[in-house]
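Letters A, B, C and D mark the chains as written, and numbering starts fresh at 1 in each.
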Amino acid sequence: MDFTFTEEQTMMAAALRELATDLCTPAVLRQRFEGAEGGAEERWQRLAELGLFGVLAPLAAGGMGLTDADFVLLAEEAGRAALPEPFAEQAAVALPVLARCGADREVADLLPRLASGTARIAVAHPRNPLVNVPPSPTHWLLCSQGRLALATADGVQAVERSSVDAGRRIVEVSAAGEAGRALAQGTRADALGAEVLARGAIYAAAQCLGLTARMLDIASSYVRERNQFGRPVGSYQAVKHHLASVAVKLEFARPVVYAAATCAAGTDPGSLAAASHAKLAATDAAELAARTAIQVHGAMGYSWELDLHFYMKRAWALSGAWGDRSFHARRMQRLLLEGALPLGPDHTFAFSA
Amino acid sequence: MDFTFTEEQTMMAAALRELATDLCTPAVLRQRFEGAEGGAEERWQRLAELGLFGVLAPLAAGGMGLTDADFVLLAEEAGRAALPEPFAEQAAVALPVLARCGADREVADLLPRLASGTARIAVAHPRNPLVNVPPSPTHWLLCSQGRLALATADGVQAVERSSVDAGRRIVEVSAAGEAGRALAQGTRADALGAEVLARGAIYAAAQCLGLTARMLDIASSYVRERNQFGRPVGSYQAVKHHLASVAVKLEFARPVVYAAATCAAGTDPGSLAAASHAKLAATDAAELAARTAIQVHGAMGYSWELDLHFYMKRAWALSGAWGDRSFHARRMQRLLLEGALPLGPDHTFAFSA
Amino acid sequence: MALDLAYTPAQQRFRSEVRDWLAAHVPQAPLATLESEAGFAQHREWERTLAMGNYGMITWPAEYGGRGANLIDWLIFEEEYYRARAPLRVNQNGIFLLGPTLMEFGTAAQKARYLPKMAAGEEIWAQAWSEPQAGSDLAALRATAVRDGDSYVLRGHKIWSSRAAFADWAFGIFRTDPASERHRGLTFMLVPLRHPGVRVRGIRQIHGEPGFAEIFFEDARVPLDHRLGDEGQGWHIAMATAGFERGLMLRSPARFQVAAQRLIDLWRSHGAEADPALLGRVAQGWMDAQAYALNTYRTASRLMAGGSIGVEASLNKIFWSELDLDLHRTAMSLLGARAELVSAGAPGPADDWLEGFLFSLAGPIYAGTNEIQRNVIAERLLELPRA
Amino acid sequence: MALDLAYTPAQQRFRSEVRDWLAAHVPQAPLATLESEAGFAQHREWERTLAMGNYGMITWPAEYGGRGANLIDWLIFEEEYYRARAPLRVNQNGIFLLGPTLMEFGTAAQKARYLPKMAAGEEIWAQAWSEPQAGSDLAALRATAVRDGDSYVLRGHKIWSSRAAFADWAFGIFRTDPASERHRGLTFMLVPLRHPGVRVRGIRQIHGEPGFAEIFFEDARVPLDHRLGDEGQGWHIAMATAGFERGLMLRSPARFQVAAQRLIDLWRSHGAEADPALLGRVAQGWMDAQAYALNTYRTASRLMAGGSIGVEASLNKIFWSELDLDLHRTAMSLLGARAELVSAGAPGPADDWLEGFLFSLAGPIYAGTNEIQRNVIAERLLELPRA
């Protein structure tokens, strides 16, 4: 039992933060919001150079062979930077699930290419209808009821959609249940689809942690500097308490997301509960952070010129992605009432780690 | 259309406030909490002398023949004082409903005695299982499914119960559906029972308004005087904002309760919605006031010595009386979704006034 | 008998008249956004239509182009207006804020010059209060209007000016005594926006549209009669204008009642898959909109009986802004995965709610932040000591 | 590999041992309330039983009567303790607060005198911090301990002293320099409660029981060796004690996990008639209790790896106190009309929840109000400026 991260784990996250500091600045996000490419290719290349697409890939596929405990801080950093690309979707949703289908020849060929970032995959799931696509996608992983399919990019009909979060490029897939070639069907496909959803939810949650921290930073910096009525806005107790409440939410969402990452592959009730709990706790924190950050900025927070809105909008978008609040809340309620989830103080870690 | 009270209405309320200032002091409440009678008889007499039991009674029964619009401020004052006796239950729940059964000889005889306070009635309803009984009750009004009955005090088996609000004396009735003599049965009884419940809810709500105002006064006074860290506690912005939020709740609960009083006798969907809305809004305000008042008092608010807890406890007790939060919330949800309640801006007063 | 909540026959007749007129005149197709030049022109045209029906500002006295209607009539008018889904009022700064201010503080010549064109929808007004360093703290403003012979020379930078992008005129306060501090030395000015030395630049808001503008005054010269009231009286007049803003006219309950009604419809279409807790929030939204409407009638009755509006304005501001936010947050939750969608062009329900949600985030901020309003309530209503 | 959330075999064995021991020793019938003399004696007896099993203070070093267990073991112990519904700890002021303080600041003689009796459950300690005019603002205290030859003479009035009604000793800070102000001139004292010049009076709380007491010092004379640390060092030592209070030991997640579990049971029995929104609150209660447990393991791991606890203590305080309040408010809502019932004597579910609800109201107040904790977070973690 050890609930701390290793130095290796935090250093890998620091490397991603450094990358983002160079290539995912607010200025770059602004370009994305204006419709430009905003350095997407370069970011993808640099992620690939750092080997980050392969963190969870088997050594045999050229990956690092690490675990979700090693990935979760990376997703948090991606969130902190509002990274536009579906990095977690490729590296920590599609790849580990595809790795379970490694007996399939095409999949076996694809895994090293996904791990190196030369292949680029988008992931559709009924609970994630608006798909964040990588720049120049090569493949699709398509989940639908009783079917898990792999498709090449040209084998999928996707329509572009416009989001309040213009940082990402989202599309909607039509006839996802018919496109591509089935890798699994029936209950096996549903089990793999459930893992896709759990992974999507957990890493969306991790991104929300990073977004929350970023918004809290932006807001705290602003109120330290901004003066009204002769004193810094941040010296008013009401402003302090608003921001402190965000800090509390963040502090207690973090361990929930980290714990969920350790059972990202689990399908037992405890693991499902952990994933839903993570999604709910982290999106709640991010939504509170957004609401609070704009409030303490005053009219300034409402302007396009400030960077704050890039992060707020990502938070709102992720809130609905990979199972919205209703989906996870209802699932959690069901799990708590059904009796399969062990309750009580001796069952804090009632999930398959 | 006039949403103000007349001078007569406010003066009558002022008279009750004066009575309470004499006879329903915190010292008296303290006696009640210690198990003593605490001047109950004298209060009842004085209420009778002022004619207040007869406000809604017909002139022919020796009453004032006034309307619920004239009574609602009286209930609010009863709440402000945490009046222990079931004044509203006799004067504004039982009496107007019994007046509809005036063809019954026993009822016709009873009405003037209720209006003068010489008879004293307790009211049981399935949604109000814990009944606040008057000192030396003479009668019971018993509502059960398909039956509205009148009983004499000795015809009812009631067991004393102990409440966190020891100001009132509450009992639970066994076999309410069999005691006494039926005045109405079937759908007519149910309609009268529904009016009993609506009236009980509306006047419990009105009492909660008064309780909220009282707790807000107590807390505001305390924080004006109490110093910590060299300045009044009430000068801290966090304390200010807590109490201001209570003031907002109170301001917007008031018109809801007043409007509901004007349709206390209604059985149309708008009137039922108004009653449930009143109960929810006023108990929410009172619960927030209680929580806030104790918080701004610090440890002091937690002590028996301070008067605050008399009012907090009444608020908690009334919250469950005459339909608890769940009952009214579900009824409101049903009314909003069923389609019988007209919605939209041109239907603000969609109840039978 | 008071606490009489039935409409009089005259009030019922007035409602019917308004309903009939709106049914005949409200444009069938939604107008383009106020934040585009074309849309602004369409809204201007609608103001002219309203004025022709004598519905432009029914509470104004007849001499200034109104009907002298009372506040209950105003509420009825607004209920019907929102019920008919009639367009946003581009003229609101003029008719609700500057109009009453001019009636109270203007000279006869000023009233004659400005009010009829305002009433006719011919001149549209912008607010010009805030400055970059004077947001919540308005007394920190620095823009100057220095007297020079028969004119004032305006210098400075106003911001968060609503409607200014396409409006004709703006009103605001300027420092006529450059050495003065805080509330002193300020003067209320009326300033043409298409004028030498006046430059307007739209501010993109988080939804990407320029809902506000900045106004740069670079030695803009206006005649002396563009001053309202006396020199140094600006703060006093501005507070009166702010009083009108906090009054009952601007923030109609009807708006929230319509939103609550739409939210119930949204539950009907999306509730089957929703967290049951959201139904509670939907119902709470309706109840709060209803409470706001009832309280507005209560305040209107009180004002008509000779009362005045004081700290109630702060209670109102908090309540409607939090209500609006709650309604839209609930809608966003109900829309779930699709809440983020902007369906540019064709407005779908998600689109309306998303735009409304973004707008609702501003509610607790503008017209005095809710933090400031809570201070006001604590200090004025509850008599708590200042820090 | 870190972020490893599996218990080691040794930890699993320890859990089994604790579970077995508790199953054999926890009294079958609930003890009488701590707030009665008889109940206090029963709880004292239970402390002795715990001590005999060497479970009294497992994290204390062996030399002082503990097992030198680490924080993860402590959490496991607590989980089993709450799972077994074992009695409240009457000894908590001693073992969690004064014990560690003595180990850090006491002389060898003081440690030898006090720690073994504390460990054995023979002497029960009360806190004596607050005074009537010094609640949140502890530095405003006025009680004095004036040196007179070989003793200190204590004068003053302490309040909100937990356990004091029946305890043997109290610890607190007194002003040894009567001319001093605020944090200076204070000294940490150990005071026998059954002693000439010391008078204890129970304070009835809102539930009617004397959970706290006042202590009046009327020229109570104690020897010099009742001083802990140096004269004038009192504030420093008291802050260390407060640090132990804010640490991980006192507020076990297990307590809230048991409450959340009971709340789910309450929904199972009362949910059919309940507002569906309450199910969301029930689930939120479980999730928050779970989050609190996970975060406690996280902090424990960090502390075991050499970290220290700073502003996290304030984050914790807010979270558990609001969680506790939410759990009990939800239960009260589920109990509906019967929530107000006190079933004196026979404890039914309503009774437990009502008592817990009243207790939970104190959570956001004691051990530093949540308002003060939010200030601390804003200033220390977010680096916002002081007012």
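Quick note on the criterion: a contact is a pair of C-beta atoms (placed from the backbone, for glycine too) under 8 Å apart; a residue touches a chain by one contact, two chains touch by 3 or more.
If you're wondering where the values come from, they're calculated on a predicted model, not measured in any experiment.
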Weigh B-D against A-B on C-beta contact pairs and write down the one with more.
B-D
Chain whose average C-alpha position is farthest from chain A's own
B
Whole-Å distance, chain A centre to chain B centre, using C-alpha means?
52
How many angstrom lie between the centres of chain B and chain C, each centre taken as the mean Cα position?
39
Among all residues of chain B, which ones touch two or more of the remaining chains?
236-239, 241, 329
Where chain D touches two or more other chains at once, by residue number:
275-277, 279-280, 371, 374, 387
Chain D-facing residues of chain B, complex:
127-130, 161-165, 227-230, 236, 238-239, 291, 294-295, 298-305, 309, 312-313, 316-317, 319-321, 324-327, 329-330
Parts of chain A lying in touch with chain D, wherever the complex brings them together:
1-6, 9, 67, 69, 72, 216, 220, 223-224, 231-232, 234-237, 239-241, 243-245, 247-248, 251-256, 258-259, 261-262, 277, 280-281, 329, 332-333, 336-337, 343-346, 348-349, 353
Of all residues in chain D, those that touch chain A in their complex:
1-8, 11, 15, 72, 78-80, 82-83, 253-254, 257-258, 260-261, 264, 267-268, 279-280, 282-283, 286-288, 290-295, 297-298, 300-302, 305, 312, 315, 318-319, 371, 373-375, 377-379, 381-387
Across the complex, what residues on chain C touch chain D?
275-277, 279-281, 387
Contacting residues of chain D [partner chain B, same complex]:
130, 133, 135-137, 140, 159-160, 203-208, 212, 273-278, 325, 332-344, 354, 358, 361-362, 364-366, 369-371, 374
